[in-house]
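Both complexes below contain subunit A, partnered by subunit B and then by subunit C.
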Partner chain A sequence: MEQLLAVLIDGIIYSAWLFVAAVGLTLIYGVMKIVNVTHGSFYALGAYAAASITGALLAHGMPPYLSYAVLLGSAVLVSVIVAPLIERGILRFMYAKDEVVILLITYALFLILEDVIKLIWGVNPYFIAEPYGLLGSFDIGDLTYPYYNMILVGVAIACGVGLAWMLNHTRTGKLLVAVIHDTEISRAMGINVDRFYLFTFTFGSLLAAIGGAYTAPTVSVVPGLGVEVIVLSFAVVVIGGLGSLPGAALGAVIVGLVRSATIHYLPQAELFVIYLVMAAVLAFRPRGLFSLAEARKI
Partner chain B sequence: MRRDLTPRTLALIVAAILAAGPFAPQWTVFLLTVALAKGLVVLGLMILLRCGLVSFGQALYYCIGAYAAGLLGLRYEVSGVFTLMLAGMLASGATAFVLGFLLARYRSIFFGLLSLAISMILYGLLVKTEALGSSDGFNLLPSTLAGFRPADAWVRYMVLAVAVVVAFVAALLVNRYLKTPLGRLAPAIKDNEIRVEYMGASARHAIHVKYVIAAALAGLGGALAATTVGHIDPEMAYWTTSGEFIFITILAGTGNVIAPFLGALIFGIIQSVAFDISPNTWQMVLGSSLLVVIVFLPNGLWSLFSRGKAS
Partner chain C sequence: MNAFKKAVAAAVVAALVPAFAAAQEAPLKIGVVSFLSGAAAGPFGVPARNSAEIMFEMLNAGKVPAPYATKGFGGALLHMNLVDESGGTTTQVTEFRNMVQRDNVDMVIGYISSGSCLGIAPVAEELKKLTVFFDCGTPRIFEERGYKYVFRTAATATMDSVGAALYVRDLRKGKIKTIAGINQNYAWGQDSWSDFEASMKQLEPGVKVATSQMPKLFAGQYNAEISTVLAAKADVVHSSFWDGDLEALILQGGPRGLFKHRTVILTTGETAMYKLAGSIPDGVVIGARGPYGPYAPNNELNKWFSKTFQDRYGVPPNYAAYHMAQAILGTKAAWEKALAANGGKRPSQDQVIAAFEHLTFESPAGKVEMAIGAGHQAITETAYGVTRKVHGKMTVANVKRYPAEMVNPPDGVKAADWIASGFKKK
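Coming up: the complex of A and B.
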């Protein structure tokens, strides 16, 4: 019973992390039809910016409770600088190319960003433990959980609810849905599609950066941080259906629970189970669990 | 009809490498052998790319080939280069034959993502398999050729010689294959699959065959890489390894069977030179060259050679 509870709690925490890390990928795919490998780079950029900025401010005597806001601020700062640079500078000239070719372009950009990160922050690890330790922890039975993990769950819920609200209830969101359904008609109706692409790419990348920023206090921030995130986020959004927001949430919960269950009951299978689920979903529902049938192309 | 100069060019290159090998420094021999191993994998990816399919999981077959060779050595103390390569090829080809029934139904991004998922399954399995050294992998026995074990200084040259001959045969066979009706179907599938079906050909069958060939080549490359490096680990199945192969495929282009090997060699040179000069920016150099090739040479480096000629 206790172990079941542990599986559930670990699963929820891991799902929250996965959702924040992956939801931007599905947003960008939904609007721009780009499978964006640089997503992992933005995750790493967010983590690095958060670790270095928060660390520096704490060293200068900032009250530690402000660090939660600084984590968010660093993620915003880094993605607002880098994402428009990539979208305006490179990606917008490539939209006419094939989906797979654009994926390769983002792969090239990912390779470049990996080294940009090393050039800016060096290769030594960064630690910021304060935000993590500050809140203390709570006990459930024999198990101890840091309160910080609840912040991650809160961030995930805020991102999910905020995105859903934005898409369904704001003018921007409704226009965005129009762009998703038909770019050309939207353009003909006078929607500035280019601006929406820029907005979507920046916002999607920001979500990845937020994921990285709020993970930074729990890990040591080292080069190569984003590499695993890329393929994990792919798994999450593919399970739910590329481009679907509820799909990303469902995918995150499935992967999160499955992983925490295997860690507790069958630790050897930890990694491979995630990709097994991904392959199984692709095998039976290639377009993911939340997807509409696509018209046959001639 | 213009004569195909490819076999003759290939033969000349092979002769040149075999003749120069004994005098070349050890590191160039190593670089060249690894390039040949990767070139074999890329040769397979080229066959798939010709019909518009990009596999983000070709590392699966590279790794299966390597582990098949490694396991033969570990369990049965087999060290003959040809036996190991044959084993790698057969293991990968057989796996692809089974998986092909599933994957041949997928196109574009979904083909890539499913192959990625499958290769990551293998990675996840190997990382947690302690009997095979978990994430550290294990070492292979020193290679032999038909029971003969050369002096240490000559082992590398021997493996290189075997690799060159194997790659030569593989390239010739693929060159022939591309000219068969099944091989010529590739661009048609890429352009318009439904018309291919109206024509009476089965795109799914053609893709299945190509998938198995590509996997067999990757297995061959994996076994060769394993014997050359002398060590294997689960990283060989990780997505970054697949990324590297796709990188070389795009760099090389699909114009000719020589292109994959040339691409792999150029990749190896860029990698080792850039890594030597500046260890923290070599990925940036690679990424930038990939961008430049995609934008300015959409048909790869090979289009520099074939410019002006009719294709």
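Coming up: the complex of A and C.
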């Protein structure tokens, strides 16, 4: 029973991390039809900004409890500067091109940003351990979990619920849904689609940066941090269905729980279990679990 | 007539000596491979690169203490051709071919990852290029086949694992019933764990494996693995994690109590012990993959190396830096032995290889013997200790040293067979 509970908690923590990392990717694809490889770069930028800014402020006597707000602020800062630069400076000239070409462009940008990160922060690791242990821990049987993990779960829930509420209950969200369904009709109806593209890319990148920022206290922030994340994020959004918010949530939960159960009961299979799940889902639902029917355009 | 002969002889000598000297002093182009990007760069690749830079510069200036005071390698100055080890084995094989076939390097010194070494060794043999592995640990390289052109100047993971088993046996004094492992899922992690598990079963008959976790390299998130290890309630937890994975394990495991109520052994922990001093409690068993860093001997070579490194980079050299210095000095010793055997003439590659086999040389970490792998694989003593903070500064206490012959298999015997035999000498 205790082990089942551990599987559940470990699975939820991992799912929360995966969802925050992946949800921006599915949002950007849903609106802009871009498979955005730079998503991994924003995750890494968020982690680097959080580690360096929070670390510097803590060293200058900032009350440690403020570090949770600084993590968020760092993610916002880095994404509102870099994302519009990329979208306005490069991507907006590419929208007419084929999806595969844009994918390659974002891959090139990902490689460039990896080197930019090395130019700015170097290759030595950054650590900010304080926020992880600051809130204390809770015990379940013999297992101890820091409360910080619950912050990550809270951030994931806030991102998911907030995004769903924004899409379904705000004017901006409804206009965005219109853009998702048909860009041309939306333009014809007077919606400033370019502005929505800018907003979506920045917001999606912000979500990736938040994922990186809140992961930073638990890892060594080093070059290449975004590589593993982008692979896992793709797996999650492909399982859920590219462009689907509930799909990303369900994909993250499935992957998180399956991985956790595998580690507890069959650790030898951990290496490939995520891709096994992805293959199994795609075998029966080639467009993912929550793929929407698309109207054929003549 | 006699005077004429002397004049001709003098002219011939005058004409030949500069040519001879030029041939002798033509610089040696050495490919140096280390992680310059990716998760392994900060804790391993960059310290190793820094060590290579110091050694090349100081050797060229003739400023390294005896027995390495001659400039370069026997007077030939050294030129470094630096290559990044990141990108995976396929990339490394391509880079290796480029260094050998396009850049015409005279030799290659490099490789941290066991995956890189396993991939490069057969290619070095195919291209017939002297290649010295400085850090990778898998014992499989010289166990699976013999190599003429490949050498490794650092001891294998077998030494780390057997040393770790001996140390925890001594530390827990027979109170070990169960062990657990968390190691990376590739050659280094698998070999480290299998040697540790086999050694523990020899040293403590009846010991049981509670769990063995093998997460993917660079996975980064280890909550579920830590839960499994905690739930297993093992007496001893072994990890050969390195690079950013080791740091993430310490950061995530510390607040969860991984280091409490059990003996945790980190065989590469020395690379993180100063950076993460605040996250590592007292009593964690720390390895340095040999007598390096806090375990290095107090000899002149080590005093010079650690001071030079600390003065230039502001941090003490870690074991990756020691391994690089050891590889360069070992190659220099072999080169100069071959030079002497060749009557002072620049030796051929085959002569250097012959001199390298079964060589014994001094390093900042003491004596290194190319004793196994038919003279191509080094053995050294090793040491372990436990963390202890003294006035807030991280140190190691309760240090025990194990002689090379005690923690390395004899020549020609596979590590697994040697351990299974109860560590029998040949």
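The rule we apply is simple: the second predicted complex is superposed on the first by the 293 of 298 C-alpha atoms of A that agree within 3 Å, B and C clash if a C-alpha of one lies under 4 Å from a C-alpha of the other, contacts with A are read in each partner's own complex, and residues count from 1 in each chain.
Simple rule for what comes next: contacts are C-beta pairs under 8 Å (C-beta built on N, C-alpha and C of every residue); 3 or more make two chains touch, one makes a residue touch a chain.
Because the structure is predicted, anything quoted here is derived from the model rather than measured.
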{"item": "Subunit B and subunit C placed together on subunit A: clash or fit?", "value": "clash"}
{"item": "Touched partner set for A:Tyr107, first subunit B, second subunit C, both or neither", "value": "first"}
{"item": "Touched partner set for A:Ala283, first subunit B, second subunit C, both or neither", "value": "first"}
{"item": "Partner chain(s) touched by A:Ser220 [first = subunit B, second = subunit C, both, neither]", "value": "second"}
{"item": "Touched partner set for A:Ala6, first subunit B, second subunit C, both or neither", "value": "second"}
{"item": "Partner chain(s) touched by A:Arg259 [first = subunit B, second = subunit C, both, neither]", "value": "second"}
{"item": "Touching partner for A:Gln268 - first (subunit B), second (subunit C), both, neither", "value": "both"}
{"item": "Partner chain in contact with A:Lys118 - subunit B first, subunit C second, else both or neither", "value": "both"}
{"item": "First (subunit B), second (subunit C), both or neither touched by A:Glu184", "value": "neither"}
{"item": "Listed stretches 96-104, 132-140 or 168-176 of subunit B, narrowed to the one that overlaps subunit C", "value": "132-140"}
{"item": "Doubly contacted subunit A residues - partners subunit C and subunit B", "value": "114, 118, 123, 227, 267-268, 270-271"}
{"item": "Contact set on subunit A toward subunit C in their complex", "value": "2-3, 6-7, 9-11, 13-14, 17, 114, 118, 123-125, 127, 129, 132-133, 137, 141-146, 148-149, 215, 217-220, 222-225, 227-228, 259-260, 263-264, 267-268, 270-271"}
{"item": "Complex interface listing, subunit C residues touching subunit A", "value": "36-39, 41-43, 45-46, 86, 185, 211-216, 218-221, 223-225, 227-228, 230-231, 233, 243-244, 247-248, 251-252, 254-257, 275-276, 278-279"}
{"item": "Subunit A-facing residues of subunit B, complex", "value": "52, 54, 102, 106, 108-110, 112-114, 116-118, 120-125, 127-129, 194, 239-240, 243, 246-247, 250, 280-284, 286-288, 290-291, 294"}
{"item": "In the complex, subunit A residues that touch subunit B", "value": "35, 90, 99-101, 103-105, 107-112, 114-116, 118-119, 123, 227, 230-231, 234-235, 238, 242, 267-276, 278-279, 282-283, 286-287, 298"}
